[in-house]
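See the structures that follow.
Two complexes follow with chain A in common, the first pairing it with chain B and the second with chain C.
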Partner chain A sequence: MASANDLPSTCDVIVVGTGMTESILAAAASRVGKQVLHIDGNDYYGGLWASFNLDNLNKWVKDCENPENFASDPDDPNSDVKINNGEEFVFLQNQTSHISNIEVKWHIPKKLTETQVEQWSRKSQTSQEEKESSESDESKSPTEEHTLSRKHTNSESEKMPSVGFTRNGNWTQEDLMRDYRRFNIDLAPKLLFARGSLVELLISSNIARYTEFHAVTRVLTWLDGELNAVPCSRADVFATRHVSVVEKRMLMKLLTGCMDSDNLVQEFQGFESKTFLEYLKSKRLTAHLLHYVLYAIAMGTDTTPCMEGVERTQRFLNSLGRYGNTPFLWPMYGTGELPQAFCRLCAVFGGTYCLQHPAKALVVANERCVGVVSCGQRLMAEHVVMGIAQAPTQYLDGQQPSGISRGVFITNKSIMPSEKEPLTFLQFPPGPSHPNPVTVIEVGPSTHACPQGLFMVHMTCKQSKSAKEDLQEIASFLLTQEDVSPSDYDISTDNRSTQTSGQDPHHHHSEGASGSGDEAATVRTKPQVLWSMYFNCLETSKNSYSPNAPENVHLCSGPDLELDFEFSVQQAERLFKKMYPDLEFLPRAPDPEEIVIEGDTPEVVDEDGNSFEFDEEVQQPSS
Partner chain B sequence: MHGRLKVKTTKEQEEERRVKRAQKVKQYRLAYGRIVEKRQAGERDEEGLQISQQILEMIPDIHSLWNYRREIIEHLKESGSEDDLQRRLESERHLTETCLRANPKSYGAWHHRTWVMDSMPSPDWQREVALCTKFLNLDERNFHCWDYRRFVAARAALAPQQELSFTDDKIAVNFSNYSCWHYRSKLLPLVYPDPAGVRPVREDQHRHELELVQNAAFTDPNDQSAWFYQRWLLGRSQPAQAVTRALVSPGLCLVATARPAKARGLGLQLLLDSRPLDGRWRSADGQRCSSVWVFEPASPIPSPLPGDVAARFLDASGAEVDVALDVVADGSSAALNSVPAFGAPLSPALASVMMEELDACRQLLEFDPDSKWTLLTSVLLMQTIERQQFEAETVLTLDTLVELDYQRANYYKDLRSRLVLEYALERQRGDAVDLTRLSLTALYHAPLLALVKTLVLDDNHLRRPLPQLAALQCCETLSMDRNELVSLSGWGAMPNLRRLSLRGNALASVDSLAPLACCPRLRELDVRNNPVASVEALRSAVKAVLPGLGVLNGEPL
Partner chain C sequence: MEDYKFLFKVVLVGNSGVGKTCLVRRFTQGLFPPGQGATIGVDFMIKTVEIDGEKVKLQIWDTAGQERFRSITQSYYRSAHALILVYDISCQPTFDCLPDWLREIEEYASNKVLRILVGNKMDREDREIPIHVGEGFAQRHDMYFLETSAKEAENVEKLFMEIAAELMEQARSKELPRYDTISPTINGRTTSIGDNSCCSKIS
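Then we have the complex of A and B:
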């Protein structure tokens, strides 16, 4: 990490922003000997691809809600930095403009102990409020972190309930915040196909040594109103008790048929212009199998064209059997680790890094970008790479990008508990009220996504309304969400007093806050949401920038809707070839023992290179 | 591992490696030479352990070195305390572990470990179980480790039930695992023995195992490991020992048994009027262990026979079993010629399970009509369930297999020969048996033909040597026209053969007929439509081999 004062004023490539594509490009340029300066206005890596602990996430949410809080360049470039003749400054955007409809909510009380329940009083409540942050204070500005139900605002009735909380497994906000460092909450959760281009790139470039992965343990689907494990590998098909042996044969035959490249043309003759659904129907698959193949394995919809469905099935199957029982890997510590791994390689080969160093403007002369204005400095470079989120509006094609709806839920158990800690991928098929499939990834404590005893559920889909509207129905299928806000204390207290009557006139959550312990025991099969977040993010992978942008400015898309990193890797490679047509894209980095520094004993290039713990759970892509 | 890409290395690295390798080879030669010297000099000391350890850590597969270590330790054991031995063997165990880590399939290291653990004064078997589990988690098909695990499980007296659930887990990970299925076949009879003794395991568990196999078969019908296991599950148990054919007459006494055995071990006796006959047994084919035994009585057999005639033998438990022979009306001879039992009867419950299995196979064949394992299994099932009912389908299925799997065509043809012959022998039990045009490529169940006087094997595909003809002790007329015989070498002796017809075979040379010398009573021989028929010297050559021959190729000699 360089301090702001000793940044090279001239270099080959300036990369603005540490998103996935930008970081791959930075690594690739540095690897072939280019002098790279990589800056980011944030105090963290990854931009819209970052993973945060709970505390940092709260800060990020605040910043998104108050864009003016965002780290900004204190200097006015016009006043400090001289514009030479023929130059102009093209100002960059603030990346938070890509985030909208953000909604964060606690579903558990702040604090709870047995004695506090007994001794609950307005007095202690007030003192708590002073001590802690402002969650329960209704008078705060709407920009505070929690979206509170205002319907029942009544400071008089803020009393601690007992019934409602015991059912949450006694988790409190305090419990979670005490462990805030143990969370890694992803803004852009993505899986890696075991034979996808990112895994291959990590291996071929030798960047895999900076990363650790867990294999996804199971693929689930939503079928007939419940969760079903999808038999996707040979071992799964053998072991499953949910399909008959005849179905097993049908399934295996269909899957091997899709992989049989010799007979592919013959097999799919006549289906070129039909849908994958039609093909599957022609195979007389049973309803269950059809569902497994179309929605879970091919991750398609009823309108997915046949050959696309076949390709998707192939992609799924090709990745099977490499690292575990499913085709997917999940990065330990979250997806935010991946851009950092590339940054690390870039740094090893001499790249200069500076966080909290926002770029203010591009310096353009004669339709060429000559550099970047940042923190009162002119930084000159041959090429400028930047995330599309910060790109000047006039460089974009003007097409309104589509959006991604995201939901993140901290829960008290897995959506389908299993003997060993599961790591779940679930492609929720489209339904009448949600036209788009929803990608659900559930990660547990062993991936360092959350502390022991908790799980984290990520939901992603194409945006049609707000993230909450798009996702809350699916969330309600899988999870139980109770609103526990100070206003609810009132109701719950009522509940306690009217428990025997079983009716609560104020009660507005059909399942959530109702009932006695007995009922709770029967209803409580779904995990309880302890904390939730919804937000929308622009989907910029389809956007291009207009030809009036200087040709040495290279824009990188933000997180795309696809499950994997295919797009980023390909975009990075494409941009690299445009920058350096004659150079190799991320050739294999030498191992430490292969590096000999002249006149010295062999030295380890990077001490972290050998530091992983290799236990059975951790999957390490290697050749 | 297979199919892994090897990364090319730079020239410097290759050079570096070459130098290193040369050094290693030099060191190895030196060390190995020293070991040989020491071993020859009978030096069994610490130095020997040290040097051999250094080599084994590089190359764990030199059996001589492991043996040398064993000699040294056994020698040092005599002068040291038990604690010393324990310590020494623990470090030995550690060495094998180091070697196995480098090569988990080292025969030498696994074998040495077995010895180490068996010799250790206080072995920690639980540690060994854990080690096996670890190795099998890394590679569930490491048969060395499965082998070692069975050894450890026996020593540690692990509950078979517990081991069985371990195999459950491994099968779930990858059912293509011969070792694991095999281990199940060893454990199941311990955990779930069949009280009736008909099946390999108790009926309910049997059903469960068959379901498991069915799941494997429907998941991947081309994986043969599960099919093999199924064979064990469905396999006809060895037929119990029995006397299947017997003859007592003034001219010839013989007994044919269901399985080959030694006459003494079998306790064979012939009883005349409940009294054992005095005499000696000789096998028909000259083997020590045989299925057809000829009795040479010390005194002539009286005629007519004075009373009841029986054959006696010892069953598996050593108890005497008497089988009565039917005495013919004039009392001149007695014989046993019962209907052979080729299929063991099934309980109705088991039969219905098998029927379900067969239905499953048929369903499977709708998807993959060419799946050879499914076809073969359906044949075995049909034979087990109700062989009479499935005669035509059995033959048809085997014909399909011959077409489909040409590399194993001869196997299927032989199997078909056996089954077809079984059907035929159920129908024909007289003095004359006609096996014409049955596409036989092999002659099974020859002992059941011990009493046959006329055997017709025309229009088959017999080609290979037929030593089993020795079972045909009573046969007087044998016809094997239009087969594929090229030679008669290896033919068993048929002491009573008078007429032999070999028309339309491929016998080419006079020499190929020489083995007929073992049929001294042969009067008529027909080798027309063989290349040898046009050999000029045929008559004289045949005459030399068979001085008693009267008719050759239909013409008097």
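Then we have the complex of A and C:
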């Protein structure tokens, strides 16, 4: 549908790629009245920051494995686009070159055997009947009452059993693929500190209205070979059973000390060049407390410098108490939503969007970039912004970037089932076999990461070998991974699954989201991995650009190793100031005037009787 | 507090030039044509209507031009209660694209979303899509159907009022996707959300 000829041939800023930093910059430029053209060769938003459903993820994997499949410019710029005197074309790279060592694996059979199907249909017959009868009730009402004509109500898809609601037994690949749309699998999962720079930017720019978040419900750590909840609020500290009364006082004192800015210099005198570990030891913390503070709260290692540890502790504590029980938020539908929120704002302020429109080359004249060649068209602009993954190699400093190791696991229950659906952050401390800490984020169905009854575990660490080698040990501590050989696909899986879960398979579902299962029986059973993926991605946040790059080409880094989006926000702001030193970075976008509500503080009570307090000027109404 | 009992998010999709913005402006402001420049910076329009004595607030989202090159962000479809798919009855290509739009809707919108097919510009003399063809398409795809004219204000009020009524009906019978009833919408200055297992909007 997209016709190249319709794209504006001249604008202020061309942004190539819809990664996080690129999208923030596009929004910022558009917001201050610049004409922005934002293109991406992919048919999805986000580039290496995207979230995919299961089907699209498989496509992405295939594209990475066969880069020639990847969206490429169908037109040869040399034949279609004229090079003027004094100009040269500088060709762009393919972004999949940043991905390596991809390994995707199913750990469950394709489908059930006939005997299993029979067993299952007997088990689920009752619930299926209930479902259908309620459906037909629903279908009676609408057409009679309203004149909008709708003659059909029950479509095929409504009748299909949905994962988690009708299936209790063993999972199959077919089950998951049937609900492929209900997955949102992140390439670059990140949490937001409640007072981190992205949360503040979303609020100050009013882009928050395009986003929804879940508060992370708990912070876990790995201690003495098992999972432990880290007490991270005052209430938690006093509620925990794992910490004695004396320890509680010590912990509160220590944390208060880190937050007391007046006495900071005095408190840390002599530790400026020492490690945070040395400081914590000087406080004679017990082993448990030291572990909580160093590895979970400061997310540090044994070599983290003292003041960095203090800063990290402060960042954690500062973000407490704003939303929920922990300092973190997770974006609903995955982190891939966040670049899109900025793109939406850019479009609302007049930016032009065109996916499936790869950029082939930059047009450079007199050491300035005058535009971009895309789909046989010259697109001219004052500034060109692009993701580093596509940047021409001669514009990079030549320094080999480090790497990120990523693991994604779809599982049948939480790593530590709890009464309400948990959303977990776990910083796995470094150990003898894994020199780098591993960031683990577990999300459940209510974040729309996966269908009911399933969970998704993300693991991220600095790359030392391949992603699989870096992460498989940690994965084995937390999860049970069974390899299904091709010959197993059609063999009954009943026995194996009974052995591993140690209970009747049809209890699986209740352990998941509702967590109402028999705690004693399930708490020691590790979740089973149904599907896994490993890959490596380049970490480009430390890379700088060659002085050869034209001044008006602005390169944006790919996903970085840090937990939050701090780096992208700062990079976008820095680049914006370089482009437009005198203009404001993402000033507040106006609300449609009608939705500014004044007067009494509204209160909404949810079904559990929890009330949510609203400020007096509520910009965002809710039912 | 403004007293409204329900808030619903309604989103419009369809090809460029079928009159999506005109429908929204006609309904919310009674204007036609809306004037192009005015759309810059406007995200969604709000109108509170009354159904059976209850105040219902409709938040109506437009595509911000991203439909031009079929580049609508998935997040646009998230949390929508109703989705209006619009074509121009005097322009066959806008009708031919409907299956593409449906695929996109299937992919990103909640499967419980109320879907309405609208043939706009029914005032035009040069009709290319007979009404029964539009109706048939809607039937096959399990959608409500209506022809409108933003220009003549024909059926525009009716379209949105019936959406509001239907959504209210669904909300009462709890069929509605649950996002609004469970998401506290919190203001940037608000420091607490009541329940950490609920999702929150920061703003």
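Note that in this section the second predicted complex is superposed on the first by the 495 of 623 C-alpha atoms of A that agree within 3 Å, B and C clash if a C-alpha of one lies under 4 Å from a C-alpha of the other, contacts with A are read in each partner's own complex, and residues count from 1 in each chain.
In this text, contacts are C-beta pairs under 8 Å (C-beta built on N, C-alpha and C of every residue); 3 or more make two chains touch, one makes a residue touch a chain.
Keep in mind it's a predicted model, so treat the numbers as computed, not measured.
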Chain B versus chain C as contact partner of A:Lys413, first or second or both or neither: neither
First, second, both or neither for A:Lys59, with chain B first and chain C second: neither
First (chain B), second (chain C), both or neither touched by A:His214: second
First (chain B), second (chain C), both or neither touched by A:Arg195: neither
Touching partner for A:Lys462 - first (chain B), second (chain C), both, neither: neither
Chain B versus chain C as contact partner of A:Phe349, first or second or both or neither: second
Broader residue contact with chain A after superposition on the shared chain, chain B or chain C: C
Interface residues of chain A shared between complexes with chain B and chain C: 594, 623
Residues of chain C defined as touching chain A within the complex: 1-2, 4-8, 40-47, 57, 59, 64-66, 68-71, 73-76, 78-79, 97, 100, 106-107, 111, 116, 135, 138-140, 142-146, 158, 162-163, 165-166, 169, 171, 173, 175, 179-203
In the complex, chain A residues that touch chain C: 1-2, 6-7, 45, 53, 138, 141-142, 145-153, 155, 157-158, 181, 199, 202-204, 206, 208-215, 217, 321-326, 329, 332-333, 336-337, 340-341, 343-344, 347-350, 352-357, 420-421, 423, 446-447, 589-590, 592, 594-595, 597, 599-602, 604, 606-608, 610-615, 617-623
Residues on chain A engaged by chain B in the complex (per definition of touch): 234-235, 237-239, 245-246, 248-250, 252-253, 594, 616, 623
Residues on chain B engaged by chain A in the complex (per definition of touch): 4-5, 7, 10, 13, 137, 172-175, 214-221, 360, 363-364, 367-368
